[in-house]
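What follows is one structure encoded as structure tokens, with my remarks underneath.
In this document, chain identifiers A, B, C and D correspond to the written order of the chains, with residue numbering beginning at 1 in each.
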Amino acid sequence: MLSFIGRRASHSVISVMGLLALVFFLTRLTGDPSSLFLPLDSTAEARAAFAKLHGFDQPVYWQFLQYLRDLLSLDFGESVRQNRSAMAVALEAFPQTLKLAVVAMVLSTALALVVGSLAASRPGSLFDRVVTLVSLSGASAPDFWVAIVGILIFAVSFELLPTSGTGSYLHWILPIFVLMLRPFGLLVQVVRGAMLGALASPYIKTARAKGLRRQQIIFGHALRNSLLPVITVAGDLTSGLINGAVIVETVFGWPGIGKLMIDAIIQRDFAVVQSTILVTATAIFILNICIDLLYAVLDPRIRY
Amino acid sequence: MTAIISETSVSASHGNARVVFNCLKRDKLAFAAAIFLVILAIATLAGPPLIGDMAAKLGLRQRNLPPFSFNHGWLFFLGADTLGRPILARLIVGAQNTLGIALAAVVCSMLIGGVLGLIAGYSERWYSQVIQRVADIIMSFPSLLLALIVLYTLGPSISNLIIVLALTRTPIYLRTTRAEVLELRERMFVSAAKSMGAKPLRIVVRHIAPMVLPTLLTIAAIDFATVILAESSLSFLGLGIQPPEFTWGAMVANGRGYLANAWWISFWPGLAILLTTLSLNLLSSWARTMADPQQRWRLQSLRKASR
Amino acid sequence: MSQSAIPILSVDDLTVDFLSDGAPVRAVDCVSFEVNRGETLVILGESGSGKSVSTSAVMDLIDQPPGDIVRGRISFEGAPIGSLQGEARRSINGRRIAMIFQDPLAYLNPVYTVGRQICEVFECHGIAKGRPARQRAVDMLRRVGIPDPETRIDHYPHQFSGGQRQRVMIAIAIALKPDLLIADEPTTALDVSVQAQILDLLRDLQSETGMALILITHDLEVAASMADKVIVMNRGKIVEAGVAREVFTKPQHAYTKKLIAALPHGDAAENTNRRSTNPSGETVLRVENLTKEYALSSGLFGKKKKTFLAVRDVNFEVRKGETLGIVGESGSGKSSVARMLLRLNDPTSGKAIFNGEDVFAMDEHRLLAYRRKVQMVFQDPYGSMNPRMNVRAIISEPWSIHADILPKAKWKDRVVELLELVDLKPEHADRYPHQFSGGQKQRIAIARALASEPELVICDEAVSALDVSIQAQVIDLLADLRTRLGLSYIFITHDLPIVRHFADRILVMKQGEIVEEGPTSAIFGSPSHGYTRSLLDATPVPKWLET
Amino acid sequence: QEASKEIKIVLPEQPANLEPCGTIITNVGQILSQNVTEALTVIDAKTGLPQPKLATEWARIDDMTWRIKLRPSVKFQDGTDMDAKAVAFSIKRMTGGALTCNNMAKFGDRTLEATPVDDLTLDIKSDRPEPILPTLLSVVMVVSPNTPADKPVNDPVGTGPFKLTSFDTQTVTMDRFDGYWGEKPEIEKATYVWRSESSIRAAMVETGEADLTPSIAIQDATNPETDFSYLNSETTAMRVDMSKPPLNDLRIRKALNLAIDWEGLKALFGPDVKRASQMVVPGINGHDDSLQPWESDPAKATKLVAEAKAAGVPVDTEIVLIGRNGIYPNGGEAMEAMAAMWQTAGLNVKLTMLDVADWIRYLQKPYPEERGATLLQMMHDNNKGDSAFTIPIFYRSTGQYSTVSDTAFDAEIDAALAASGEERTKDFKAIFTKARTDVVSDIPMFHMIGYTRVGKRLDWKPDITTNSEIPLANIHMKD
């Protein structure tokens, strides 16, 4: 098993390096940062000076070599906008997003497991139909739409919640709710589908013959056998959130990595783009390794 | 002899369509969904020639016209958008691009992701690893950056848009497929097929893929909405569809600033997206039941014996 | 056990249908029976005659719909339990009535260790928890004869042999010493000595707790040795019922008569055998020094890599047109050998030469050709069929894999033909595996194996779930094919009468090794190894002859 | 009451940094200008003329040199004295080139050299005659000499009435600076936060979570009690690429102006926007009040196009209308609308909306070689009081955004730039008139309006400078 982790980790390191190289070269295809960083009316000389200062005048491969050299000494470059280490910027924002992502995913996965399982245990029932309609509506509603309407209703009209920002636990409610909609909707459907199959399996009859409670049968036996696609999809959604809960971060003024990354991309703050991707990619790769391990934990028949 | 066979098989296939239709009718929600989709398809195909350029005609003096009034004609029944164009007309005309893009992106990503996932899950060769790591890379690659790069190198166009959307959605199918394959390939019936001499391709196509497909369809149906909305956020960057062309997603995005004052601008297209996704999901869940012999009875007539 | 005491279970006029688009399938038709405390009721009957369905109905395991209990009354200790739900049902299932299912692999949850699945019974009825529960589970495993239970308790179902799974199933069922045990073919996958052990265990329980037993079996010897009462079912109906001795010695109904007659009585088999008449000298398959070691890591972060030597240095050969019987202890590595021969598991070492070519060294292309010529009937027929394919697709699969066997136009007819050969009906072709009884599935598997016109068929407990009459029919079929086409069989079974009847040569395996090998008559006539002798001696004695 | 002296301001964007040399960036300027750091002069919003701030008086001692007198006994927030040396340091820091300095853009390629004469006097020498140096000095933020000269900072120390106390990813806070040289502000503490969604900002002020937010969208400015509109210094326009057919034809360019339904378009930007006839707003030196904007006359536009077509102008050539996403509120819709109107007029206009980075390639010289006839959406912000910040870049042939190449016009522009006083104003007006009627290299659209929502606690009104600064000292609490 350790060998599996080791192998996966080494592959992942190579992949992350590849990703960084890809990002490095591709971002430089997307235009000149000096024209974006400097005011529109600055002079050509000022631009040249800026490019020189930040090394953009060098050939790209040379810049890349420099970048690699700096990486070795754990220097991830400076943000040209923020005047500080790009990695510091990324690491400051990442926990904020991670908090959101983890809370939203844990809640929506847990909720989806329960709701989806119960819906599958009585397919076609009123509960099942309501769950399907509600979860799907949530999943297909535009998220900014829900976010803004949520604010208008709960913060402005009823003054129950703060509009945005961070601070008390009340600040978490709306962002988490908005973030949960899509994962919840998708996961409910995935859970429901997988559970329908599992509940028809013969071993469920054994469980019934043993005299297990309905809940134990549903959650203990059937659910456990349906988890593979669920954790895969949940993992993928988590990656999506780690990569930036952009809408929520933007609307709610949550200082996370998604907005940071988008801004950095739009403003061509290359060092920040690279650092944020390094951070999120590392997280995503680790997540994927964990999920692969989980497969083997969840299903003893799976072998690598 | 052969004549008899062919005759029976013809009537069988005719009968099959009937059976399927009957099964569809027994699931009320799925039936409603199917009707909605049929209407949508008709509107999408027949609507634009009928409506003509009403959808593009400016009416700056009736900006943000509220809905539910026939004073300006039935096309304005759902109100008017920020440039005073009838929302209803735009919904109908926009459907073509919207559904086209979403369908193409979802189908592409599902096919590519599914096929690669089958390979990655079933094969234990080096390329299985490569496929997975590439998927990891795509997952870690910010979709916006990808969009920008495509925009810069290839220029904005509908096909590039589809490429970007499909590419970013591929990993979820790939990973889901692979996860299920990992379990399925250990099942006895796969061993049995192997022992009969089935080639890997056949095992994957005949035995494994049909078991994975329902899950993929479930994801795809929801992804439909995701893709439409993602397309709308790309249009903020100029990679999305370019005006005067538009999609429901672009309409939703357009009304974004007006949620507090003119909710209808983004509500109707949002509702259209929602209903379409919902219908697709209901149908996919119906198809899932239909495809599973152990569940199919749910859609059958179940005539009981007299007692 | 007085006459006036109310029976512990009485089933009255039970009728069960399975519904679908077409006309309902009647699985059980007006079945009535009762069992008293301490008594054993044996249900005999044709495969597919509704034995499993009617007993499942007792435990409320029939999903309605698609199942439909048209009418019938089921009472437990006099109280109707047919419509019990929730808590009330829970307090009966598992605790008062327990069931041993027919197909142990499918009925065990693949993702939990067997230990957990046994402990669960204690836990959910509030008997024991944690360590004590585990300890009890270990005891149960030991009682059903699983070697090294302390280690095996943490293993998953797929790591057990067929017979071992069956014993795990039994352990689960008897864990709480129920008042009524429904045992659906509990010993089909067990060798005679283990079978004897299990039967003793059941008898002990009966005398200890007064447990009533409903035993479904095809093995008439077992039936005779256990039965107080017997009912015989055919096509969903009870065709004969009565006290064991009466039924066995003076069968009334034609079907019962046929059953009893089909029983290959000991030495009679020597004379009426279906052994090969023209064994040629040509060797089809030669196995040399075959060894298999399984890695035993329980869980992900398994401590040390332990291994288990399941097959040890096995050598044998199969000649053209002969039947090689493999008998042996449950868990002795028979299925492992079979799986290795089909390259489904990789051998640890050894060789298998098929028509002069080493199977384990074949490249992909050669392997395909090889697999066409060698077919296997799996021990778990249900698991070996794709649940989404109907029987037609399952049986015709070999033809679509190997395009040259049969032109597509003939598939339909050939499927019907094959189904009829194994005594199934043409209309079964459109059904799906889950809609069949255990024996019916097994027959489908046989039909599929024969479909590809192989040279060598490996049958792993291929007829164990069939009643004697159908068994005889299938064996006849196999023998006929062997004679006509020169097929060879490796016939793995626990059923000694059958091997005696059908096999030309016999291998006896124990703990991964071949302990004895020789022509059938020699093995049965003068067994040399102690284990073989114990096997032959273990033949059960009818209950009514016991003192 | 303590609490009531604290205010919270919500800005549209997070400031990437707080480098005082970047105060022309809106979100940096709105935080720092006049609060933490001050310049030598400030521009009067109404007249566009420089007023004393840290400098008390100034005089031109020769063509190239200005002599500045500084305000006495001013201290930086770190306790150091504000003197000639400190000012010289600040000027050097900004112009020295060791630092990428946004504000330098206002100086073009000029170089400045500051020499202290005594403690409170210094001479500033430029490499060419600079009639409006005092105006330019309003962008030179004076910072403490302890500021690193070669590195951008995020914790500026200036002479302003507020002292920066914290800056993180969520807030900027500043406290009143007790050693301030001027009048003591009423506000004691200010917190800045940022939300990009206009409706959220409006909601925050409405619910009292914040006290003030500059620039909300027009559709969110629904409450006349709290929402103030102000003419900001921005002018929107379309630039016509005069070098490419059919746009090189004057009739076509006029037709472009005439084809637009200006009244209808106005609806997109609110009733208060002012139709523009030139690229600077009223109040800027050189703005010509009497210059009339183009009327809307689609019929005439169609006629002009037809005429041009008859004269052999290739009017069917595709004209690419290049818009920029998010350039100003409803900018995209405006482009869609204008494209539709031009199509009606018989021109083959195709709309492309681009991201800033891509759009900039078309905005600035050198223009992409492969471009065809283009119309470019743009917005010009001149809040520095003088048309010198506008005319050369748009109309001189060397101008960065110019598509005009007319040597006679160049000469006129050069003369105007060298002039001063009345004559300068008159020359500028003449240039705008010519650009409007004879050259028509652009289509001025509107002088834009900003909307600000001010909480009920505050007594404050926005003005034309609000886009670049929000002086806390001017904000008072109601009662």
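Just so we're on the same page, contacts are C-beta pairs under 8 Å (C-beta built on N, C-alpha and C of every residue); 3 or more make two chains touch, one makes a residue touch a chain.
By chain, with names taken from UniProt: A, B = ABC transporter permease; C = ABC transporter ATP-binding protein.
Note that the structure is a prediction, hence the values are computed from the model and not measured.
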{"item": "Contact-richer chain pair (by C-beta pairs counted) among B-D and A-B", "value": "A-B"}
{"item": "Centre-most chain [mean C-alpha coordinates]", "value": "A"}
{"item": "Whole-Å gap between the CA centroids of chain C and chain D", "value": "87"}
{"item": "Chain centre separation in whole Å, for chain C relative to chain B (ABC transporter permease) (CA means)", "value": "46"}
{"item": "Cα-centroid distance, chain A (ABC transporter permease) relative to chain B (ABC transporter permease), in whole angstrom", "value": "22"}
{"item": "For chain A (ABC transporter permease), residues contacting two or more additional chains", "value": "30-31, 148, 152, 200, 266, 299, 301"}
{"item": "Chain B (ABC transporter permease), residues touching no fewer than two other chains", "value": "148, 151-152, 186, 237, 259-260, 292, 294"}
{"item": "Junction residues of chain C - those touching two or more other chains", "value": "158, 434"}
{"item": "Each pair of chains that touches, named by its two labels", "value": "A-B, A-C, A-D, B-C, B-D"}
{"item": "Residue ranges of chain A (ABC transporter permease) touching chain D (in the complex, touch as defined)", "value": "30-32, 35-43, 45-46, 49-50, 53, 79-84, 92-93, 96, 148, 151-152, 155-156, 159, 162-166, 250-253, 255, 263, 266-268"}
{"item": "Residue numbers on chain B (ABC transporter permease) that touch chain A (ABC transporter permease), as the complex places them", "value": "29, 129, 133-134, 136-137, 139-145, 148-149, 151-153, 171-172, 175-176, 178-180, 182-183, 186, 214-215, 218-219, 221-222, 224-226, 229, 232-233, 237, 252, 256, 259-260, 266, 270, 273-274, 277-278, 281-282, 285, 288-289, 292, 294-295, 298"}
{"item": "Interface residues, chain D side, partner chain B (ABC transporter permease) - complex", "value": "198-199, 202, 217, 219-220, 222, 261, 264-265, 267-268, 325-326, 329-330, 332-333, 335-337, 339-341, 351-355, 358"}
{"item": "Of chain D, residues touching chain A (ABC transporter permease) in the complex", "value": "14, 16-17, 19, 24-25, 97, 100, 102, 104-106, 108-109, 151-154, 168-170, 193-197, 199-200, 203-204, 206-207, 209, 355-358, 360-361, 363-364, 389, 393, 400"}
{"item": "Sites on chain B (ABC transporter permease) touched by chain C in the complex", "value": "2, 5, 19, 186-189, 191-199, 202, 206-207, 210-211, 291-294, 296-297, 300-305, 307"}
